[in-house]
Amino acid sequence: MKASPVRPKLVAFAVLAASTALVLAGCSAPAATPSASPTKAAPALSGSIVVDAASSLTGTFDTVATAFEAAHPGTKVTFNYGGSGDLAAAITAGAPVDVFAAASPATMTTVSTANLVVGTPSTFVKNELEIVTPAGNPAGIKGLSDFAVASRKIALCEVTEPCGAAAAAVFAAAGITPLPDTLEPNVKGVLTAAELNQVDAGMVYHTDVLSGETKVTGVEFPTASQFIVSYPIASLNTSKDPKLAAAFVAYVLSAPAQAILKHAGFITN
Amino acid sequence: MSGLSASIEVARPAFTLALDLEVAAGTITAVVGPNGSGKTTTLRALAGLVRPTSGRILLGDRVLDDHDVHVPARDRGIGVVFQDYLLFPHLSAVENIAFGPIAHGTARPAAIAAAHDWLERFDLAQFASIRPRELSGGQAQRVALARALILEPPLLVLDEPLAALDASTRVSVRAQLKKELGGYGGSTVLVTHDPADALALADQLVVLEAGSVVQHGIPAEVAAAPVNNYVAGLFEH
Amino acid sequence: MRASSRTRSPDARGTGIPRLLWVPAGLALAFLVLPLVALVAQVPWGQFGQVVAGSDVGQSLALSLGAGAAATGLSVLLGVPLAWVLARSVEWNPILRRLLRAFVTVPLVLPPVVGGIALVLLLGRTGLIGTFLRVWFGIQIPFTTPAVVISETFVAMPFLVLSVEGALRGADRRLEDAAETLGASRWMIFRRITLPLIAPGVAAGAVLSFARALGEFGATITFAGDFPGVTRTMPIAAYIALESDPGSAYVIAIILLAVAIAVLFALRDRWVGGLTS
C-alpha cells in the first residue's frame, strides 16, 4: 500500500510555526541543544543528503526538511520512507544513506551493530499506538478484543517492523491472539487499508490516525501508554556529507522541528 | 436407394455456377473441368457445406436444398471423400472409419467392429491401428473411402480422389477404386480434372467450363465427338 | 561454394555473423546469466535443508503450487473458449476484433500492481461487484486464497489464450468439414477433432500460464494481501524474508529458479511451435 502525500495545510502551518519559532529562538536565550542558531552568521551549509525515515514520519519529516532547507538555503534533503526493518536491511546491504530515523531502537540496533552509526543514536520523538478504523468506524470496533474476532478483517504490520513488534507486545500483554487477514510491510500500508475500507481495523500510531484526517477514525485503547515506541535518529558514517548529516540530526532534535513533530501527534521531549 | 436429382446454381466471384445433375443409383457420374471451373463448388454444394444461391437438390425423395430449405451438412448423410483425404491425423485408421457411426450414436465397440469389417473388405486389416501419416497414398484413399461408405450413404461424392497420388500408383489405385465402387449401391459423383478417371470409372460424363456444362453424355461418346477444343484436348493422348 | 582449405563439407556455410556482433551478444548473455550464477553461488547450501524444513517456506511453496495450478486450470477452462472466439472471429467487424484482442492482451502489458488495484476496485469490499458480494452473500474476496488465484489468473490467462488462438489458426479447418459430413455435431467436432489437434498449443499455453502465475507478485500482494499460509506466495515470502532473514530469501529464490528451469524443460521445442504457429 502506498504512502499518503504531504498535506498542503500541514505544510503551510508548519512553515508558519517554524518561522515563528526561528524568530523566537533568535530572541530568547540560546537553546541547550547543540544546534547552531539560525540567525547567527554560521558557516553556510550546503549540499544534499538522503534520509531513510520510518514510514510513520511520512509528510511530517518533509515539513521538517522544508524548514531546514529554508534555514539553510542551498541545502537539499531527500527522503526515502519505508518500514524501518526494510530500511535497516537496505542500509546494512550498502544503500548510500546519510541519516537514519527509525521507529524502534531494535531496527536502529541492526544498523549500529554493523558499525555504520556515528556516535550514539538519539531519541527524537516517541509515538503511541492507536487502533485505526475506516471513517465512522462502520464495524463498531471497540478495543483490542475485536482483533481476535475471526470475522473481522484486520490489518497489522509485519512483526519484523516496529509497529508490528509493538502491536504484538500489546496483544501479548492483554492475552489476546489477534487474527490478522493481512500483514503490511509498513504502517502506512495498514493506514491505507483502513482509509480504503478494505479492513475493519488495524493497529497504527497515533500520528498515522491524525495524518489520515477524515478518512479514518481512531479508537484509543487503555494500555497504549505502556507501549510507547521510541524513535532514534543517527547519521551514518558512510555519509558523503557528514557535516550536513549531523546538522540535520541536530535540527530534528531542536525546538522548531520538535514543534512540527509535536503538531503531527508525536510525543516530544 | 434412388438417385440424385440436382439443379444447382451458386454465385461465385468470377462466374455463376449453373448445372443440372441426374445420377441414378448404382451409377457413377464424373464432373470434369479445368481448375476453377466450379467442380469443387459443385461438390461442396452437394455435401451441404455451401448453400446454393438457387436451385434444388433432391436425393431419393428427400429435399436437401430448395428455395426455403437447406439441410445442413451433418444431417445429409452424404459420403464425401475429400481431396487430400482429410483423415483425422490423431486417430488410427480404424478409429477414422468408426468416426461416422459413433457420430450417429452407435456405441463405440460396435462401431470399431464394423470399421474392422470394412478394413478387411479393403484388404487393410493390418493397418487398423496405424496413424494416417504412416499410410501410403493408396492406403489412405481406401481408408477415406471406407470412412464415407460405412454410413451406407445414398450419395457418394469424391473430390479428385487420385490427384494426391503419383502417376505410377494412380493406375493401380484407379483399378481398385473401380472395384470398390462396383459394390456400392448408391449414386456416385466423381469430380476430377483427369479425363482418364472419367473414362475408366464413369457411366456418365459432365464437362464443366467456367461454371457451365459444355457437354455431357457417355464418356466414350463425348470423347468421340468433342464439342469444343477444350473437350477435344481432354481426350488427346 | 568453393571448399576452404580447412577440412569442412564443401556445402557448409560460415556462420555469417559479423565479428562485431559477438561483443554485444556476449554482453547480453552475461547480463542474463551472471545474476543467476551469483544466486546459485550465494545460496547457503549447508543450511538449505533446515531452512526449508523450518520456516514457512514449505507452506509458501505449497500455496504457490496449489494456487498456480488452480489459476492455470481456470485459465484453460475459460481461456480455450475465448481463444476459439478470437480465432474464429475472422468474419466479424475488424474494429470489434481488434478491441477484443486488445482486451485479451491488456494484462500482458499492464503493470501487475495496476492489475491488483483494478481487482481491488472491482472485487474489494467496496468494489463494483465486491459490494454486492458482501451485502447479498456476505462474501469478501480480498485477503483470501481465492483472491490469490484470481490475481494469478488475471495475469496468466492471456498467455493461454494467445497460445491456443495461434494453434487454432493453424489448425486445418477442412478436417472440421470432413467431420461435419460424417454427421458430427458442433460439440463433437470441438471435443473429438479440434481439441486434440490444438492440444500441443493448449499444453504450451498452460505451462507458460503456470510459470507466470507462480511468479506473480504485484497484483497478488495488492489484492490478496499477505498472510502466511493463506496468501503469502513464494515471491511475497522472498520479499518479506529479505529484510529479516536473507538466507531464507536466497533459498526461496533458488527454489523458484529451479521451478522456472523445470518449466522451460517442459516447454522445450514446443516453445516456438505453440506460441507462434
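Per-chain numbering from 1; labels A, B and C assigned in written order.
Simple rule for what comes next: contacts are C-beta pairs under 8 Å (C-beta built on N, C-alpha and C of every residue); 3 or more make two chains touch, one makes a residue touch a chain.
All figures in this text were calculated on a predicted structure; none of them were measured in a lab.
**Q** Could you tell me which shape the graph of touching chains takes: line, ring, star, complete or other?
**A** line
**Q** By mean C-alpha coordinates, which chain is most distant from chain B?
**A** A
**Q** Using mean Cα positions, find the chain sitting nearest the overall protein centre.
**A** C
**Q** For chain A and chain B, let me know how many angstrom lie between their CA-based centres, rounded off.
**A** 85
**Q** On a C-alpha centroid basis, what's the spacing between chain A and chain C, in Å?
**A** The separation of the two C-alpha centroids amounts to 40 Å.
**Q** Using Cα averages as centroids, what's the distance between chain B and chain C in whole Å?
**A** So the centre of chain B lies 46 Å away from the centre of chain C.
**Q** Residues of chain A that contact two or more other chains, please.
**A** Not one residue of chain A touches more than one other chain, so the list is empty.
**Q** Find every residue in chain B that makes contact with two or more other chains and list them.
**A** Residues of chain B touching two or more partner chains: there are none.
**Q** Touching residues of chain B toward chain C in the complex: what are they?
**A** Listed in rising order, the residues are 47-49, 72-80, 82, 84, 86, 88-90, 99-100, 103-104, 147-148, 151.
**Q** In the complex of these two chains, what residues of chain A are touching chain C?
**A** The touching residues are 1, 83, 85-86, 88-89, 153, 155, 158, 160, 180-185, 196-198.
**Q** Could you please specify the touching residues of chain C with respect to chain A in the complex?
**A** Spelled out, the residues of chain C in touch with chain A are 120, 124-126, 140, 142-143, 222, 225-228, 230-231, 239-240, 242-244, 246.
**Q** In their complex, what parts of chain C are in touch with chain B?
**A** Answer in residue numbers: 172, 174-175, 177-185, 188, 192-193, 196-197.
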